[in-house]
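The next part holds the structures, each set out as structure tokens.
Okay, so chain A shows up in both of these, paired with chain B first and chain C after.
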Partner chain A sequence: MKYLDEYRDADAARRYADALATLVTRPWTLMEVCGGQTHAIVRFGIDTLLPPQIDLVHGPGCPVCVTPVELIDRAIAIAARPEVIFCSFGDMLRVPGTEKDLFSVKAGGGDVRIVYSPLDALKLAKDNPTRQVVFFAVGFETTAPANAMAVHQAKMLGIKNFSILVSHVLVPPAIEAILGSPNCRVQAFLAAGHVCAVMGYTEYEPLAKRYSVPIVVTGFEPLDILQGVYMCVKQLEEGRAEVENQYARAVRQNGNRPAQDLVAQVFGITSRKWRGVGEIPESGLCLRDDYREFDAEQRFDVSMITAEEDSECISGLVLQGLRKPQECPAFGTRCTPDRPLGATMVSSEGACAAYYRYRPAPSARPLATLGKA
Partner chain B sequence: MCLAIPGKITQITNDDPLLRAGKVTFGGIAKEVSLAYVPEAQVGDYVLVHVGFALSIVDEAEAQQVFDYLRLIQSEDLKELEEATAP
Partner chain C sequence: MIPVTDSALLDFNLTCPLPIRDYPNVLMAHGGGGRLMNQLIDTIFGAAFANPLLDQRHDGAVFALPVGGGRLAMSTDSYVVHPLFFAGGDIGTLAVNGTVNDLAMCGARPLYLTAGFILEEGLPMETLWRVAQSMRMAADAAGVQIVTGDTKVVDRGKGDGIFINTAGIGVIDHDQIIAPTSVRPGDAVLLSGDLGRHGITIMADREGISFDTTVQSDCAPLAAPILSLIAAGISVHCLRDCTRGGLSSALVEIAQASGLRIHIVESAIPVRDEVRGACEMLGLDPMYVANEGRFVAFVPAEQADSALALLRADPVSADARCIGHVTDVRDSLVTLRSAIGAERIVDMLSGEQLPRIC
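This part shows the complex of A and B:
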């Protein structure tokens, strides 16, 4: 596929790795924020190509992983109602709540459906006027425009039997929470390319300055990630801390203005709990008053449901880059994608699931998938 | 989750600003995609699509820069190497 295959060229990847080996003079720790990047790094063995001084740690950018357990419990309570068609992206269905997951609601007769887009859920609402259609609106800034549009269209078209359960989170406050932690060992960030395709990257400039960290907006293919790492390391070696854009084919400095405008019209900023991390101030989105009638938490009165997290799961440490998945005693034994203890093992983009899938024998197949789309 | 795939617009199917949509092909697979956030996108443009929404038009000129940058850093490496080994 055009604009995909060419960025998986094995020869160019090796040349980037060689250039990095020439560039680096001492150890550096970089964090890729987005779960999609984590998945690509582990799938293509990019970390095994890098010189040993460069450590890639995996960030909190998997929205499935950071959705707090109480929101899963609220989703389960709504999905179990007989009048409800509960729609979600597929990844959310196996995330464990306190007692069960959404799949077990489906197995028990609940009408739980996997959709590709929130607009598919809106169409279901149009086609089923006697049912309540609820969409589990999970995601970062990348997904917010889609969910904003679904709610806005529902309002404009007068579709009353549609609502969304909002679990929207934002990247910059999470980066700030990691940088502000006394345990922080991250020295540079690969910023999430598709989040920046929507939001642009000017909001990262104060962070780069305040914490003296290079932040490079980076794409998702192997060569994108290798170039992003190179640009970060070059800044670190030269003592610079700036925001740079590796992913200019998709990301403009000011992002997508029409998308930002509708997101700002539909959603306001709120504090959100992040699974494994805790509450981060002003780190998420909630529906504004003009759109509050589409808030599933209010419509089904589930905001009283609260829950605490399982103590054995170390996903919070994984999500902050303080631990690698294999350092967890439950990894691959008591915790597997079929029976996950925490969300980082559930989502295909979670760091634990990526290691489980692609690292059965450590370093067994670096480069094996590169060059073959 | 933030996966977005590049595809080519082959047809505009709705030009109402709120409901702007088109057919986008991804290596032969065609899908109806909202173009509401890329009002300037036209047939023939490549767009990055996430959960049924085009979020950005792929810039053809910038698409080469990952290779241009590699050539540049390799030529710098070569220069350093030559300087280091010069008599």
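This part shows the complex of A and C:
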């Protein structure tokens, strides 16, 4: 299949792995930021092809994983209301809140629906004028334009029974939070290709400079990731710290300007809590005053709902690259995809779920442990 | 973990010692063909109905007649698909082929079906007529007769148009034991054709998901190619149709029931471009998408080529391939060589990828 198979070629993958083995002279720790990349790495076994000196740790770029538990609780409170049709991407439905998940709300009589686009939710609002349709607007910069478009269209069309529960977060502040941590051991980043397709990559240049880390904008297919790793390691070995673009077939330096303009028109910057990590300043989006009428938190008055996270779950450490999933004592025992303690065990993009689902491949090399680099 | 309220726990403890504490109510995922459904079967139905036939956990039960020798297979299935009509079939064709195929997976020649209808008040009579005609045509094609039935009508809003249950019996006129326990190290794993068409067809038709596709459901009766294998003297060790949960769940169930490791090669698994495209777009893995006309067969390696030739001679399995083999490692795992040549585990999904397919 075109645009797919050429990026999954086993011979080319082997050649990249060989080239990396020749290039690398010492241990390096790289973080892939995006959960889509984590999923591809584990699904295709990309890390098992890498020389043992290269350790991939998995970053905070899974939107399902970093949505704080109190926002799940707010979603549950809204979804349980009889007048509400609550729409969400599928993965969010199984994320545990304090007491239950959205699937349980559905089983209890709530009208909870899986949609694949916020515009589908908007259509539901048009088709069901007597109901309140709420879309769970989760994600990074990648999903923000479509969510902004849905709200903008709702305003243009005067659709009053549509609102969104906003949980938008941004990648650069998360990278900065990781780099600023005294425990940080990440030496280079694979930046999230689809985020950069929207935003471009100029905002990463100050980070690369300030913290002296290579940042390579990387795609999601196996050869993309192998090439991104190669470009990172080459910079590290040569003592460079620059922003480079592996994913040039999708990403331009300045990104998608019309999408950025729409996002900026509808959303403003705000501080956000990240599940397992805590509050990061100016790390998320909220609706601007002009669009505040579409804010589900206000419409349904749920902003007073707060919650603490499960203390046993170490997903915060996993999301910062400080622990690997299988280093958690609960991994695979008290925490499984059937009974997740934290969101990283729920989403297919979550590092814990990916490891649980695809590991241990018995022929794979032993997984690298942290603290040796 | 999802805690339950104290009172719910108390009720459970008073009436039932079973360890279902995670979800106090049935979820859609409990019908999704994945781990949650297996847990439900283990803890509720398996525990309540336990007997040697049920405990084999096959698609149907195989038993000897108390008089006259000979063996029969018996199976049942309920059909709740939405939409009722889709490209390549409808709820009627599913209801016949699904049960016919469950019998076929026991190595049986399907003979007779029952049909139970739960109809929602207000259902257009024309819809019911179309479904009945489809069932008759599917039964003719599969060589079975629908010999008894039942009809109930429920209040408007308490059904989804039509729910159908079919049960079937078939005769086993050979001595082979077709079951996970017959799987042997070295067995070839044959897949009868490309994956994912039924699930993607249903998904494309569903409200709230807007994409167009030319894909048609693979819904088809599968007894003929299987009986041709048996008639030709192929030792068919195990069969499983790849319905809910897809190929992955079928293989994981067999690996777990046989205790052996099954190794498959991703690049050998056929998936049509339309299905791959839809799966890439929606973030689905074709290995978990439902099929209604695909099965895996475990046969001795030395018979694999003859078996493939026989399967390919039948239109419903014309694209059959060998996708892997059974290893001698006794760890009940399914492993996969990925497209780029790395190895990983294939796991059963917890719930379902799609809401309510069949």
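Assume the second predicted complex is superposed on the first by the 359 of 373 C-alpha atoms of A that agree within 3 Å, B and C clash if a C-alpha of one lies under 4 Å from a C-alpha of the other, contacts with A are read in each partner's own complex, and residues count from 1 in each chain.
By our rule, a contact is a pair of C-beta atoms (placed from the backbone, for glycine too) under 8 Å apart; a residue touches a chain by one contact, two chains touch by 3 or more.
As the structure is a prediction and not an experimental result, all values here were calculated from the model.
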Once the shared chain is lined up, is A:Arg323 touching chain B (first), chain C (second), both, or neither of them?
neither
Just chain B (first), just chain C (second), both, or neither: which does A:Arg275 touch?
neither
Which of chain B and chain C A:Val195 touches, first, second, both or neither
first
Partner chain in contact with A:His168 - chain B first, chain C second, else both or neither
neither
With the two structures laid over each other on chain A, which partner does A:Met1 touch: chain B (first), chain C (second), both, or neither?
both
Does chain B (first) or chain C (second) touch A:Asp224, or do both, or does neither?
first
In the overlaid three-chain picture, which partner chain does A:Ser347 touch, first (chain B) or second (chain C), both, or neither?
first
Determine, under the contact definition given at the top, whether A:Thr142 touches first (chain B), second (chain C), both, or neither.
first
Common interface positions of chain A, toward chain B and toward chain C:
1, 4, 116-117, 120, 223
Complex contact set, residues of chain A against chain B
1-4, 7, 12, 15-16, 19, 22-23, 34-36, 61-64, 89, 91, 116-120, 138-140, 142-143, 145-146, 149, 152-153, 156, 192, 194-195, 197-198, 220, 223-224, 227, 230, 246, 248-252, 256, 258-259, 262, 347, 349
Per the contact definition, I'd like the list of chain A residues that touch chain C in the complex.
1, 4-5, 8-10, 13-14, 42-46, 48-49, 87, 94, 96, 99-101, 103-104, 106-108, 113-117, 120, 124, 222-223, 334, 336-341, 348, 356-364
For the complex, give me every residue of chain C touching chain A.
1-3, 22-29, 35-36, 39, 208-210, 267, 273, 276-277, 280, 282-283, 329, 331, 333, 335, 338-345, 347, 350-351, 355
Contacts from chain B onto chain A in the complex sit at residues 1-6, 8, 18-19, 26-27, 34, 36-39, 46, 48, 50-53, 55-56, 58-60, 62-63, 65-67, 69-70, 73-74, 77, 80
